[in-house]
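These notes open a run of structures that come right after.
What follows is a pair of complexes built around chain A, which joins chain B in one and chain C in the other.
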Partner chain A sequence: MSADYADVLECLARNRGVRGSLIVSQTDGLVIDANLRIGQRGDHLAAFAATVYRRTRAAAGAADLGTACFLQLDAQNGYICAAGSGDLVIVVVTDPGVNVGLLRAELLRAAKSLR
Partner chain B sequence: MSPTDDLGRWSDELASDPASLVFLRLGEALRRQGELVLALKVALRGLERHPNHPGAQALVARIAADRAAVASAGAAPDRESASQPIEAKPAAPSMRIAVAGPLNIHRGLGHATTIPPAVSGGSVQTTSTVGSAVFLEPETDPPVPEAGRRFPTSDGAQALLIDDQGLVLAGSHRSAGGYDVGQELAARLAGVSEEARRAAQHLKLGAWRSLIIETDRAVVALAPVGDSAVTVVTGLRSMPLGMLRRVLRRCERWATDWTGATS
Partner chain C sequence: MRIATGEPWVDAPLQRFVDDARARLALLLHPSGQVLAQCGFTRAVDVMSACALAAAIHAAAAELGRQLDGKPFRELHHAGLERQLHLAQADTAYGSYILLTVFDSESSIGLVRVFFDTFAHALAAATPVMQRTSVPVFGSDFERDLSASLDAVFRVGARGRPPSDPSADESS
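Up next is the complex of A and B:
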């Protein structure tokens, strides 16, 4: 199973501008597997990404907007993108100039492959 | 189930959830039973919580017209009270509404409650041929722009401007059933924008610029406006994300100008 996760993360990491990718548990925000640049800490990223995803999912559901499946946080120095698959969330952190459309497609495909 | 049971049930439901739209049924049932004063109180309380709801506005107008007709015919068992304007708590500081029978018209002097500008746009409204049952007039402060009409949305997108407390500053969001659920949406999404800000800050990504959420039914985009407001644009799932982002940027610029103009 861990090899599957590693393959998924490796595939995402091949995209230009990707700084790191993680598979995180949505409920507790803990890292399940990660592919990060040297020196990068995944635990903070995992915790924050899981929290944003969880809150977004809850808010969308409560506001009758449906079930959230993808989110993209655009910040001054990069993006955080996340796609959910059951309790798992695949999170990717990127540089600012990344091709978000391509990354989104890859993320959604990766999330589907984890089901 | 008897009508009395219905009234009791709806009343209980409204007590347990004051934001519920059941006030529409309760107010209408009371109106039909001739309990016009009570019906008006229920309707005005509902209108305070759902100021843009067309059903609430129509209910108030129907009740006011009934009161006017009854007072005019002189047949009201509560004729005295029918001609008394009803006061309600202010909901927004921009407009005034006064409810009175044709023999007792008060132009906003001591018998007024306030409602947001979206209801009337500041014009005088006559809902009955008998007389001016409901009229609205601006207070001394100029009304703020009607953002719901001016948000530069397109492709069926809807826009809201919300503050950091989760309250709607401008715009509206209508559900598929036509109800304005902007307030509920604002309350839910305010926490998300705060979480986005914190995450971007702690992860050293700088200031957050937007958050796009895809669900199985809709696409939602949020962007900060100044330090304490957020623009929310929602569209159908079929709306392309690039278009959503463009609409968001337009609305964000508009909201920045608007908040600057109204601060």
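Up next is the complex of A and C:
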């Protein structure tokens, strides 16, 4: 992992309930850097999360809401949260009991630090 | 978009790949350049050129891989300004095939790669049990076989596609 990205991912991984985190290219849907558990499919997660984030931004733009900065996807067994910075998207996979508010603040801060 | 194929067992895996990966054009071919199925092309001459070029690029990349890495490169990606190209090899019990995919900003290389893996598994599973023949690919009847497969692809395509299908304009 490159030092800057590794620090960002390491910082996110310290939050309770975070299962894995990735930095993904928004246009390509490819993993740039990742901090994942064994068995997590980073390439799949990166491709789908980048697509969802890209389309969410497009939807926000179409609805005249400006730029989407944070995405939270509620699933049965946890959350996928994402925040973007330019072409990069930080994606975090969490347990259901995670403190989403705290994670949101951390993610936005992390996204800002990538600029 | 509808698949046009001379090999019915290819239809379902390729249709699913095209739908899931949001591909604009897809071409499944034998490494010799013979077409198995296509999606998005309207003219046989375009399919023929794309097959020849894809087979040549794949062969060149494979040889480059052998020389650099000791084993052939199996996957290639070119990014254009608006459209991108992905070329990769899918192995089946009956032999290897090459899938050429053209996509735009509706998709991404990450998605195409993910769905290509699924496609390769589905294709391998769908391969009918056939006796492998030892007939050389570049035999004297290659041109006849090539024409026959193109005819088959476009005959099925013409039957399968409604006349006003807007996806029929992809190759222009």
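Just so we're on the same page, the second predicted complex is superposed on the first by the 114 of 115 C-alpha atoms of A that agree within 3 Å, B and C clash if a C-alpha of one lies under 4 Å from a C-alpha of the other, contacts with A are read in each partner's own complex, and residues count from 1 in each chain.
Rule of thumb we're sticking to: a contact is a pair of C-beta atoms (placed from the backbone, for glycine too) under 8 Å apart; a residue touches a chain by one contact, two chains touch by 3 or more.
This is a predicted model, so every value here is computed, not measured.
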{"item": "First (chain B), second (chain C), both or neither touched by A:D64", "value": "first"}
{"item": "Chain B versus chain C as contact partner of A:H44, first or second or both or neither", "value": "both"}
{"item": "Touching partner for A:Q72 - first (chain B), second (chain C), both, neither", "value": "first"}
{"item": "Of chain B and chain C, the chain that contacts the larger number of chain A residues", "value": "B"}
{"item": "Partner chain(s) touched by A:V93 [first = chain B, second = chain C, both, neither]", "value": "first"}
{"item": "Which superposed partner A:D28 touches (first chain B, second chain C, both, neither)", "value": "second"}
{"item": "First, second, both or neither for A:V52, with chain B first and chain C second", "value": "first"}
{"item": "Set of chain A residues, in rising order, touched by both chain B and chain C", "value": "44, 48, 51"}
{"item": "Footprint of chain A on chain C - complex, ascending", "value": "105, 107-111, 113-114"}
{"item": "Chain C-facing residues of chain A, complex", "value": "24-25, 27-30, 43-44, 46-48, 50-51, 54"}
{"item": "In the complex with chain B, residue positions of chain A that touch it", "value": "44-45, 48-49, 51-52, 55-56, 58-60, 62-78, 80, 93, 101, 104"}
{"item": "Sites on chain B touched by chain A in the complex", "value": "175, 181, 184-185, 188-189, 191-192, 195-196, 198-200, 202-218, 220, 234, 237, 241"}
